[in-house]
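Across the two complexes that follow, subunit A remains constant while its partner is subunit B and subsequently subunit C.
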Partner chain A sequence: MSMAPWMVELATAALLVLVLLADLVAPRGKRFVWPTFLGGSLVILGLAVFVRGDAFLLGGSYAADGISWLGKIVIVIGTILAGAVSMDSLPIQEKYHGAYAALLLAASLGMMVLVSSRELVTMYVGLETSAVSLYGLAALAKRDVLSLEAGIKYLVIGALSSGVLLYGLALVYAAAGTTSLDGIRAALGHAPSPLSAVGIILVLLGVGFKITMVPMHVWTPDVYQGAPTPVSAFISVVSKSVGFLFAIRLFSVAFADLRYVWEPFFMAGAVLTMTVGNLAAIAQPSAKRLLAYSSISQAGYLLVGFVGTSSAGTSAVLFYLFAYTLANVAAFAAVIAFSSSTGSDRLDDYAGLARRSPLLALVFTFALLSLAGIPPLAGFIGKIYLFSAAMERGYLWLVVAAALNSVASLYYYLLILRRMYFTEAPLGAGPLRVSFPVKAVLLLTTVGTFWLGILPGPLMQVVSEVSSRVFPGP
Partner chain B sequence: MLSWTWCIPALPLAGFLLLAIFGGRFPKGATAAVGAGSIGLSFVAATAASAIFMVSPPGGGSFTLVLWQWITVGGFSPSLSFTLDALSVVMILVVTGVGFLIHLYSTRFMADEEGYSRFFAYMNLFVGSMLILVLAGNLLLLYLGWEGVGLCSFLLIGFWYKDPENGRSARKAFIVTRIGDVSLAVGLFLIATTLGTLDIREIAQKATSQWQTGSTLAVAVAALLLGGAVGKSAQLPLQTWLPDAMAGPSPVSALIHAATMVTAGVYLIARTNALFTLAPPVQLAVGIIGAAGVLVAGLSALTQRNIKRVLAYSTMSQLGYMFLALGIGAWSGAIFHLVTHAFFKSLLFLGAGVVILALNHEHDIYAMGGMARKSPFTFWMFLIAAFALTALPPTTAGFASKDLILALAWQSGSAGRVFWALGLAGVFVTSVYIFRLVFIVFAGNPRTAVAEGAHGGGGHAAGRDGMQAGAAMGIPLAILAALCLAGGFLSLPHDLGGTPYLLNFLHTALPAETMPETPLRTEWTLQLVSEAASVLGIPVAWLVYRRSRRVAAVAARPAAIVRFLQGGWGFDWLYDRLFVRPFVWLSRINRRDVVDRISDGVGGLFMLLSRAFRWTQNGRVRWYAAGLAAGAALIVAAVVLL
Partner chain C sequence: MRFPFLTAIYCLPLLAVLIIFCFPARCRVAIRMVALVSSVAALAMTVLLFFWYDRVAGGLQFVEKVPWVSTLGISYFVGVNGINVILLLLTGIIITAGVLASWEVAHRQKEFFILLLTLTTGVFGVFMSWNLFLFFLFYEVAVLPMYLLIGIWGTGRKEYAAMKLTLYLMAGSALILAGILGLYFAAGQRSFDLDLLEKAAYDPVFQRVFFPILFVGFGILAALWPFHTWSPDGHASAPTAVSMLHAGVLMKLGAYGCLLVPMTLLPDGARFWLPMVALLSVVNIVYGSLGATAQKDLKYIVAYSSVSHMGIVMLGLSSMNGTGIGGAVLQMFSHGIMTGLFFALVGMIYGRTHTRMVDEQGGLASRIPVLAAFFVLTGLTSLGLPGLSGFPAELAVFIGAFRAYPVVTVVCTTGIVITAFYVLRLLQRLFFGVRRNTNGAAFGDAKSAFGDAKSAFGDANTVEFIALALLMLFILAVGLYPMPFVRVIGSAVAPIAARLGGM
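Up next, the complex of A and B:
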């Protein structure tokens, strides 16, 4: 057994130890923590991108394949970006920065395990590792009541849905007699038993918590609002992306032959999720809550991709995850830049931002427009692929519903633009001070958003190659 | 060899980005260097590309540079590709060459204005969009350039946005051309759904093989494209935006009228000539629109009091000649006239700009006069442009192209004879309106004091004369004047012993004219007749000028016919009554009614739902857990029961 397939996980674990050591060296400061974190993460990113092989380990229960490769890249990129925006804007005491960085790494390590496993128990271990770390992250600003509350809520709802998921997994195991994904697929066959059908749906609900699918979305606004904003960004982007990869593994591999059992729930879930997300976002006064609802509706669009034909749908989902990651991180980074300079999260305070900080307003605009799906930004291409995958299966009504939702979402995205561009800034409001790491994140994500929108070919090629190999057989 | 041609549009776009992001921090010199320099480099690149293209022509007379495939969705995969053929080579040379001269001129002209870097950012984007438009090998990419040009025209016409009147003009230009844009977009949808491609060459091939000449589909597509073209090129019936577009600074007018924007429609029709050949009724309509435009706009130009409005109507009239040429299938003739028109029209606008600046932004020609003595250099430049416009020797530019179009019209059947007659009448009208302008502005005594250092900066320098205004404004005028004098040699009529270099070159990309060769004697006769019409216009213009001087009350109350012509044949009035007022009226009576209730109702419903959803999000975690559990139970029940 060679080391290469484990490399990224091992490196992450090593970095976790290093960060804790750096914290020990300078216990009351962040002087060593963040350089260690960023330097190490960049090395890991290099590893994640360049170490790519197809290998099955531990008797096929752990894999280094296309999905895990892409998954790790998204996780590491998300971790780096979340770390970068955290450095100067965390509402916690400096002495906790080490713990914070370590928790981020622990969460991403758990997620890496999750996206790489091909077996239910390993998956669950990875899932819980990341979930527990995230609960801690959400509650880390412990002087802030909202943050504590967010942590508690996240924990309670997370435990509940974790129970649902575990129950579902148990039922699936009972029906199939194996925990290996390929084994489950072979054992369940093409005809569902009541046991397997209920199991699959409970698994869907459990996964629905991760990907904020209605009705499992209820925790989202409170947690996103209460948690430190970089943590919200991390949860909304990385945790959700991993949830979708998890769903791809389960539903496109293990339950692939029972498509007609779960597909109606995906369709209903897609429509409900985007509609609820969009409608609730309309009247939001808080920027973070608005982004929370917006990210719920984004999950709805992503669910559309599961309805599509296996290969086209999966590659559309993978592509959109990248587009969504870039745009959502940019949006959160803009919110972080705004709130750490003004201390406000109210959308009304964004009035006249274009006069105060034109570039910040501009990149925020691009992020929102990409989320809304306006060409030539990444979100547009992503939506085209998602919707056309559903069209190939003939689900016109679903595409119409999704397109209508996109239009509706434009309303609240444009409301922000209107505030920034067409209302007067309060008297005496000057330009905002944006820290360098946040600027860098904004720049990188905006460039990426344009890049994927104008030149989507290369990434599309990669994701379709990966998704064509997700499915072992016909 | 030519794979680097992407940098021709990329340079101005890079200039735009640079100025848009950092422009505010640049000193004026740097802004001017970036703004004009990017276009200058682009011109150098275009020249080099053209030279390579001409020295070693690629196979099939065109070179396609596929940058990348944009998306592949459902068998539709538009690629980002640039096509370099004779047509686009000519266009990029005109756009970058004339565009560069205008930019150079602007570095001085705009020196006293606020928003110097904003101005050059828009101008660069304008030129960059136009270059994308003419280089696009794919109608989708062309549409990108098309919209970019429309956006920039809006931004630049409304450049002096502090005066609400300018904002209105900008909006008008945007909305009126938008009507054409919608038509073009629908045309593209139709092409994409019926032919499955937007690649221009594939469209021509597929359409020719799949569509019958005169079939409904071909006519519909051509008509929709024509709708787009008349919008951008300010032809009947979407011409009303152009005179109001004069609200922008003079270099903007020069750019819109000479190098970019209005020529886009002519280019579009020439580029998609295969579709128009398949739709004879639409092609005839192109000719009729053109011929009518020549006279409608020419007569309006006769009565204008604003120096730039005279030139604006003149542009519409000259574009009419191009449409006329397209209508009879003289594709290359239209492009030739486009080129020469770019020379003399930009010279006219830039010359007018010097006069306007010298007179402290005075636009009323009746307040001008005697400028020949005050600004002899500008006077001579303007005169050369006027001669070129009226196709009079010793200038050759307008002469060669306009007489070519008229000769071809004469040769192309009975409809062509009518077009010829209208075009000839247009020649006479052109001569009258432009020399009326020349006499009123440059002859006689000054009526407004020339600004002598009154308001500092470029103004006082420009006050005395173009040449003294500094090289930045003088040199472009001189170069354009030289082009007006010599431009005709690109393709001299063969009865004068010329060789039609440009036409031969264009024929490698565009179908040659199908008209029979014009006999020498006919050609001479036609030329003589049209020259006579031009010459006759000068004394008539003198009489008009004398009368305007004698009758002091010209301004008081012009005759009804004059007012009619001044208002551009009442199109504005008509559209105001036909569209604007009914629309306003409808919206006024609809302020509180059923339709509103419905949309309010929808909005209210959504707000209600939004509030309901927010209410469910009450922050109590036990509610969340209960809701979540209930949802899960419901879903599981659904699975079990179904």
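Up next, the complex of A and C:
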């Protein structure tokens, strides 16, 4: 058995051990932890991008295919960016930095397993590995009441939804008699039994927790607000992207022939998710809560992609995940830059930011506009790709609803712009000091957002090639 | 490879944006010189385009086509037909005059010119795109900078107006996006290229469903009643150059979109729905001119008159024959320049009297004779006096529309009477009548304490004069010798009219 398909997972596990060792060498400082973390993850990113061999392992229950390849790339990129913005801005004592970096790696390792599995039990193991690490990360600032509250809420609701998911998976297993995704597809056939139908809906609810689909989204604002901001960025970007890949594996592969069972729920979920997210975001006074609701609405747009055909929809979802990752990390990095310099998370304190730190305001503007889907940024072409997948199947009403929702989201993004550009800064407010790693993240994500927006061709070719290989035929 | 002439046109303002971005904000003179040079160069190129375009051959010329995102059938495809030539020329004129009119902008001047020129890039791009994706991309680029331009440099309820305008226009673009995607899949060509989409045969039911979606989407930007309410607020709150660009060019972009996409691609839908549009445009014309009669604020008067004149454009489009549509395009050009002049003049008068209220000023003709002369000529264009550009355009629209909808057209002509009434009354009050001071008191009253009348203001300075003369030149050109314009437009309108079944 060749090691190549496992390389990224093995390297991540090795780096996890290395980070713990570095922490051991210099127990009270972060001097060794972060260089090890960043250097190691960059190597892993190289591996994730360049090592690509399609292979099925462990009797087909573990795969190195296009989806796991792209999934791992998103995970590693997200982990690096989250790590980079954490370095100087974590509200925790220095001696916990090692534990923090290790938990970040453990979470991403679990997610890598999740996106590569083609079998229910392996999937669940990967899911729980990442979930448990994330609970720890959310509660890491243990002197901070909000962070503790976030951790507890995340744990309780997460455990509940894991239970729902597991119950659903059990029913699906009972109906199909196998845990392999291909086996399930063959066994369930085209006609649902009551057992499998209930199972599929419970699975959707369980997955809905990960991807913040209404009504499973209630934890999101509190957790995003309470958790240390880099952790919120990580959860909102990486954990959510992985949730969507998980949903692709389950719904577009295993339950593909029972599309008419779950598709209405996806459509209703898409419209509800974006509408609830957008309406709730309008009145938020806190930047992190606003980004939480905005990321809920983004999940709504992504759900639209599932309504498209397996191949077109999946490639649109994959493309949008990249666009969303870049824009959302940039937005969170801007919030981190602001709050670590001023100590405030209130949107009203962003008044006059354009005069205080013009570049930071500009980068934040680009991130928000990309989330709103304004050209020539990545979010624009990503949304068109997603909506076209639904249009291809003739769902005009869904496309109109989604496009109008983008307009509604523009409203609260513009309210932030209004504060930054129209209002005068309070007296005595000087320019902000932004640390180098945060600057680098802001720069990279902004360049990436423009690049994907102006030259989307190469990535689009890759995602459509990947999904046409995973879903052969029309 | 041939020189990419069209790309160069919109790259000029884009280049200026990048150059200005690198300048420190204190280089005020350099910043406005860069803006001016780029817009004059763009104007020169659009004038060349107007002369170099082969109006005998007609059709699409100066084509540049490169594949861009082949997975989705998106290509970089620009070209011009007769209508585009006219509208690009209009954009070049208005932006040059707009930069001159913003010569004295002092507050955050660097950002102002960056946004103004970004907007111009988008408008130029829209008027030359022949791929619907590219078209939509430029369209959005043109709409968004408006939010900041009005919100930062505007007056009055600027934040409300900016938000209202942006959300209205973006709601329109949401409909446009849905419509464009619908066309893309219905044509089944896997391409956004307009020439391919034009050849596809669309199902009549599909046409009837998608025509209103697209038409309303673009119609919002053209201030089609009842979707016009953003326009008076937006125009009245915007700074001078932005009002000029918005009323002068962006509203035309909506009408152009109506003509280019739903009317050309969906002729069956057009035949079904355009009579309805003719009815709406009656409301536009009559209601707009009544609104202008009732307003007391100069900018609101001009804004409502825009609503009324855009109604004439919509009436021309809905006539479905070559005369009416050609007249509508000429009216877009004429009204674009005329309203640019109006807003420029209102801005200049406000800069002197510090009030936009009609009641608070009077007798200005003796104090600012040059501005007054320009204003009178513009007003006469607005009411359609022969010899000025409004006349041939409106005449063609009404002749074309009368053939299609006689009764409706007769009702619309009352709009012209009302326009004549409010324009003449406005001219009389502003420039003739009793001389007043800035505080509204009649000149020589006890209230006007001392000498502020003499010292406060003089007539148009050189920069202002150049801006106004540039605009007036084209009003006279179209008014006195409209044939070159009519021929260029006609070469592009005839095929559309033929598709719609009228001649």
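Here is the rule we use: the second predicted complex is superposed on the first by the 471 of 474 C-alpha atoms of A that agree within 3 Å, B and C clash if a C-alpha of one lies under 4 Å from a C-alpha of the other, contacts with A are read in each partner's own complex, and residues count from 1 in each chain.
Following the convention adopted for this analysis, a residue touches a chain if its C-beta (ideal position, glycine included) is under 8 Å from a C-beta of that chain, and two chains touch if they have at least 3 such contacts.
Everything numeric here is computed off the predicted structure, so don't read it as measured data.
Counting the residues of subunit A that each partner touches, subunit B and subunit C differ, and the larger count belongs to B.
In the superposed model, A:219 makes contact with subunit B only, not with subunit C. In the superposed pair of complexes, A:391 makes contact with subunit B and with subunit C alike. Residue contacts after overlaying the shared chain place A:456 against subunit B and subunit C alike.
Look at A:282: by the touch rule set out above, it reaches subunit B but stays clear of subunit C.
In the superposition on chain A, contact of A:381 is made with both subunit B and subunit C.
In the superposition on chain A, A:205 makes contact with subunit B only, not with subunit C. Residues common to the contacts of subunit A with subunit B and with subunit C across the two structures: 381, 384-385, 388, 391-392, 456-457, 460. Within the complex formed with subunit A, the subunit B residues making contact are 21, 68-74, 606-607, 609-611, 613-614, 616-617, 619, 621, 624-625, 627-632, 635-636, 639-640.
Interface residues of subunit A facing subunit C in the complex, by the touch rule stated above, are 369, 374-376, 380-381, 384-385, 387-388, 391-392, 394, 396, 399-400, 403-404, 406-407, 410-411, 414, 417-418, 421-422, 456-457, 460-461, 464. Partner subunit B is touched in their complex by these residues of subunit A: 149, 152-153, 156-157, 160-161, 164, 194, 197-198, 201-202, 205, 214-216, 218-219, 221-222, 261, 265, 276, 279-284, 359, 381, 384-385, 388, 391-392, 408, 454-457, 460. Of all residues in subunit C, only 68-72, 133, 136-137, 140-141, 144, 147-148, 151-152, 159, 163, 166-167, 170-171, 173-175, 177-178, 181-182, 184-185, 209, 213 touch subunit A in the complex they form.
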